[in-house]
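One chain, subunit A, appears in both complexes that follow, with subunit B as partner in the first and subunit C in the second.
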Partner chain A sequence: MIDKKTDAYSLEIGVSDEVKELIDERIEQQPKVEKSARREILRVDNLKMYFPVTKGLFKRTVGYVKAVDDVSFRINQGETLGIVGESGSGKSTIGNCVMRNYKITGGHMMFDGLELESQTPKQMRSVHKKLTMVTQDPYASLDPRKTVSDIILEGPTIHKMYSSKGEARDIVGQMLELVGLNPKFAERFPHEFSGGQRQRISIARALALEPSFIVCDEIVSALDVSIQAQIVSLMMKVQQELGLTYIFIGHDLSVVRHISNQVAVMYLGKIMELTDSDELYNRPMHPYTQALISAAPIPNPTADRARERILLDGEVPSPINPPKGCNFCTRCRFADERCRQEEPEMIDVGNHHLVACHRVAGN
Partner chain B sequence: MAKSEMKKKPSFLHELFKTKKIAALGLCLLIFFLLVAVFADVIAPVKAVDGQIPTSVLEKLQPPSLKHPFGTDSVGRDLLSYMIYGCRTSVILGIVCTLLSTIVSLIIGVASAVIGGWFDLIVQRFVDAWQCVPGMLIMLIMMSILGNGLIQLIIVISIPAGIGGSRMVRSAAIAVKDSGYAKMSTMLGGGQLWKMIQHVTPNILPMIIMNLAGSLGGVIMMEASMNFLGFGVSVNTPSWGAMLSGQGRSNMYVAPWLAMVPGIAIAIMVFASAMLGDGVRDILDPRLKGGVGSYSGSKLKKIVEQKKQDLNMI
Partner chain C sequence: MSEPILEVRHLKTYFFRDDAVMRASDDLSYTVHKGECVAIVGESGSGKSVSALSVLRLIPYPPGLVMDGEILFHGQDLLKMSDEEMQELRGSKISMIFQEPSTALNPVMTIGNQICESLMIHRGLKKKEAMKEAVELLRKVNIPNPEQRVKQYPFEFSGGMQQRAMIAMAMSCDPEILIADEPTTALDVTVQAQVLEQLNKLRAESDTALIIITHNLGVVARYADSVKVMYGGKIVEEGNPYDIFENPHHPYTIGLINAVPRLDLPRSHGLHTIEGEPPDMSLIPVNCCAFAHRCRYATAECRENRPPLEKVNEGHYCACFHMDETQAEREALV
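== the complex of A and B ==
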């Protein structure tokens, strides 16, 4: 296994001394915690997000799309939770629920001692200083009429984090350098940049708030593979330097493994397996995870050809009408009568390895 | 300290005069009309008495001559002086009404789109109901309640126009408020007002400005028809619209200059505002920079040379 620390720095972009000073300053401000005693920063219990399906003139509710159904997880400060799954499995919905973009159907979310679901919109505005998001599409998320400097200063202006134009200029310069862009770009407009550069601007905008938690919603999915590597190592570098916590949503298994401490595998709105990233990839327990990992290519043709390939039949069932019992039972090669009748519970098989599968529980 | 080098943006006027010559011409024409309106008492060859041009029955319906460059009307008023004084009413009314109606529709439309939900529903049904009643009827009712006068006329013309225009603003604003960057502003801690002012309004501004420029002519004609119905500023106060729709129309075959002069004046003003609006929109929207015709021939060569020099310097 590659050591993450060295790997993150191997793709490092040059950072000037000023920025290093700034980073040191901010690291000092962060409470120093040993890895073993890391503080829990986000705790999500039994999160449910059902979208009503309406019909007819009077918008009668005829059913619900269970986008996220009974999901629980915890994230410690300075760590990353990766969420993987097929499209429509509810990955992004979790991110949006945490950001309070939706009114959640049920469950509890505790962020840094605050109960997120009971915050008023006004209170949420100050919470968003610490808890922010970087979105998938770098083309839509930057206001075309604002310069890069306006975009980066949006958060600091909302929260009145600077008092003079000089300070504002410093923030912009530092942020641009931190994400590896030339500070000369400050007065340019977003349409003058490429996708990767725009995503960096997007990241700089989030970092300018000095947040402690960032939800990264498929931030590399819209980018080229070479740019993906740059952005991921940028995110890891910034995380180590500023002690940030991430939820990293993606569908590329190797990218998510690279950045995450923990990985949650989602299928049809439920977490199927949740464990440390290395444990998950080395010892996948859930049949769905096994299928996913077997589908991911290995950069070694001989090994790639030799390994067992698990093919899944059929389509993902509709989330409006999920199968009875285990959500995965329609496509699982081990499914038996019990799987079709009874919903599996999340069980800890040891080593912080949580799996929702009857077969694993039975062993 | 690391500093981002912020080069000073070229000033708006500088850019307008340098890159949008026709728009600059429009601006000059509007300023010219404004100056004429302000200094009417100084410029006019025949001075007004109590806001009215003196009549002389002996000189009625005279064609343009040295004494009366634009001729005279059916009661012997000097048309040039009449136009100069009429500029006051028309320019003030035109500019103030278009601005006011735009502001009204901007506030209603943007608030309705961004706040959404029940607020949007109620406001939009009110706008629908308002649209069902003929505009002229509402104006006449409002006018008869408020009475004659310039300020009343401004209110009566601009508020109905603003309410009507708010639907267009709303539909444009809805598209912007659902965009990635507007949603992102909420996730950075911005409130509704921040979203409205910082993201939605600037992004629909090009459309608003085009619309604003187009409605100027309509306002001047609206004033003319109100005048025609006897609800104008005041029956004898000079105004372009009144001359065009009143005397100009009835004496069209005998004295065509009575219709032509105010007609051309209105046309120039509408043209000027439309061109200015077009240019301002191009400058305000950075994506339209360097569009068709902006860089061609010698200009393009010059830019390429400049870029090459810049590269050599680095």
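== the complex of A and C ==
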């Protein structure tokens, strides 16, 4: 059925009373906050993640890939930060840093009052109950030898979230229903499902921990157009019902913008522009954002053919050897001497609209 | 419209599995005119690639087999040609660009040698002349320092450059038809725009017909002259992009358009979804509408009869028994 809008997203099967109860219960558990006074849940300051480039027998370090270089952002509870960028821009690395999958090179990350970078691996375990991740490839991320029920229960078992088999079964059933799958699928194996269904299972696995924050790393990139819309709608519905906060990483600006409250545009490890998602389209300031918007085709010939076309020359330079000055200067149509020498600072042009460009700063 | 150069008539390409038959292309007909850009859109498993691979007779047998139909290239049936004749046509009159340039290129041959190959075979050039031509071709597709680049191997090229080298190779013999199977899916957004623009420019310059196979509706809206929407091995709607995007009649086309978030509209413009999953092709009964199980207009008629392509307007056809009922949804489109 195609007439159902996001807010009234209907599941493939109806929502049972049990799930409704679960949802109510969870909503009650969420700290009550006024919409105007949203609480900051994640704060990242000057995050740096450099990967060493090694050479020779003794793995001598000859340089660094600056995958993420001095990135700062904050996210309020119940909101979504979208991160867009091309391959190699460091967008996934940010997600992995927040999850503490890497030992970060520098910076501070505060999650819900906890300093993430100083948590020991043991402490991280309990953090991971609140902070989970859904990854891109639904084929690689599910263990082919486990049943759906085993997959979903992996987290709850570690965190001792149930005390009897019956309770475990309830969790699985509720989670499957929540993501729009038939609870009868619990004893099946991943290979019996299509890509979209597998992605739903991944989401169910993440939700089973009752997290408050999910890092979504390119979760719809491998899916077909109509399935993509289903998963995006599902994520938005679950967010609304459970008050979740997301980092939504992707390369498709239209999809990322649709789900996000604010969008960060990344290029070669740096945020070029960070602003509210409607403002990003209406008033893009950075030349890279403008090119990115222009490159994203719009499925309407009249609207699309009327737009200004900005084509970028060349390709993204190697992150091992980024250009001096502004990272974007090699492809920017406005680049001048200053851009090639000095790195632009992030400035606020008002309305929480942050841009890193000399040209914008000058005007 | 200029003369038709390729006419596909009632093409049936089936794949045989142990227990089932997949009708990947089921009674498919379309025409390509000189210099035209035809887009075939569909989701994975809709048979869009098979419909193009059949034209080049590149369907592996077993398991695939062209069962029936005609593919007329300048009035000559490609399906009746000998393998040698076909070989001569491939790469010279009709050429192809594949989705994944890194797997389509030979990793142990230099880019130059790969481009020379078709020049030497089809145009009978000597190695030296062919190499000169290869440099020119690379220059034409905007590869910097083509003199050095021809001596390099594919791994030394980035994804975008590999795809441009593929385009150079495909255009080397001035083909009349260029088939591009998801040419930019593996590329980054800004590089995607470059490659498509390049492809379109070359097409316009040399008056080559371009058949572009894609799942990206935006690409279709931007470049196509004519659009075929495929679902379950059949064309469900066809017309020019204005017909398809602004006046779609088939419930699937409408659903597909609504499922793509629009960058130019405010976020409050909700995303609609088509429920369910694309069908397993081997499970679609012969006489039924393939979209019936996901369609909200479906009636018993849809499950028992196959809707024929019917004329909506001049050049705009739709295969749906209930296309008049979709009016409200059609008007809700922006």
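Everything that follows uses one rule, which is that the second predicted complex is superposed on the first by the 349 of 363 C-alpha atoms of A that agree within 3 Å, B and C clash if a C-alpha of one lies under 4 Å from a C-alpha of the other, contacts with A are read in each partner's own complex, and residues count from 1 in each chain.
Everything that follows uses one rule, which is that contacts are C-beta pairs under 8 Å (C-beta built on N, C-alpha and C of every residue); 3 or more make two chains touch, one makes a residue touch a chain.
Keep in mind that what you see is a predicted model, and the values were worked out from it rather than measured.
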item: Room on subunit A for both subunit B and subunit C (clash or fit); value: fit
item: First (subunit B), second (subunit C), both or neither touched by A:311; value: second
item: Partner chain in contact with A:251 - subunit B first, subunit C second, else both or neither; value: second
item: Partner chain(s) touched by A:135 [first = subunit B, second = subunit C, both, neither]; value: first
item: Subunit B versus subunit C as contact partner of A:42, first or second or both or neither; value: neither
item: Which of subunit B and subunit C A:99 touches, first, second, both or neither; value: first
item: Touching partner for A:297 - first (subunit B), second (subunit C), both, neither; value: second
item: Overlay on shared chain A, then closest C-alpha pair between subunit B and subunit C (Å); value: 10
item: Contacting residues of subunit B [partner subunit A, same complex]; value: 1-7, 9, 179-191, 194, 198-199, 202-203, 284-287
item: Residue ranges of subunit A in contact with subunit C within the complex; value: 1-7, 9-10, 12, 86-87, 194, 196-197, 224-230, 232-233, 251-255, 257-258, 277-278, 281, 291-305, 307, 309, 311-313, 315-316
item: Subunit B-touching residues of subunit A, taken from the complex the two chains share; value: 16, 18-19, 99, 101, 121-122, 124-129, 132-133, 135, 137, 139-146, 149, 154-155, 158-159, 169-170, 172-174, 176-177, 183-187, 189, 191, 205-206, 209
item: List of subunit C residues in touch with subunit A within their complex; value: 43-44, 158, 160-161, 188-194, 197, 215-222, 241-242, 245-246, 251, 254-264, 266-267, 270-278, 296, 329, 334
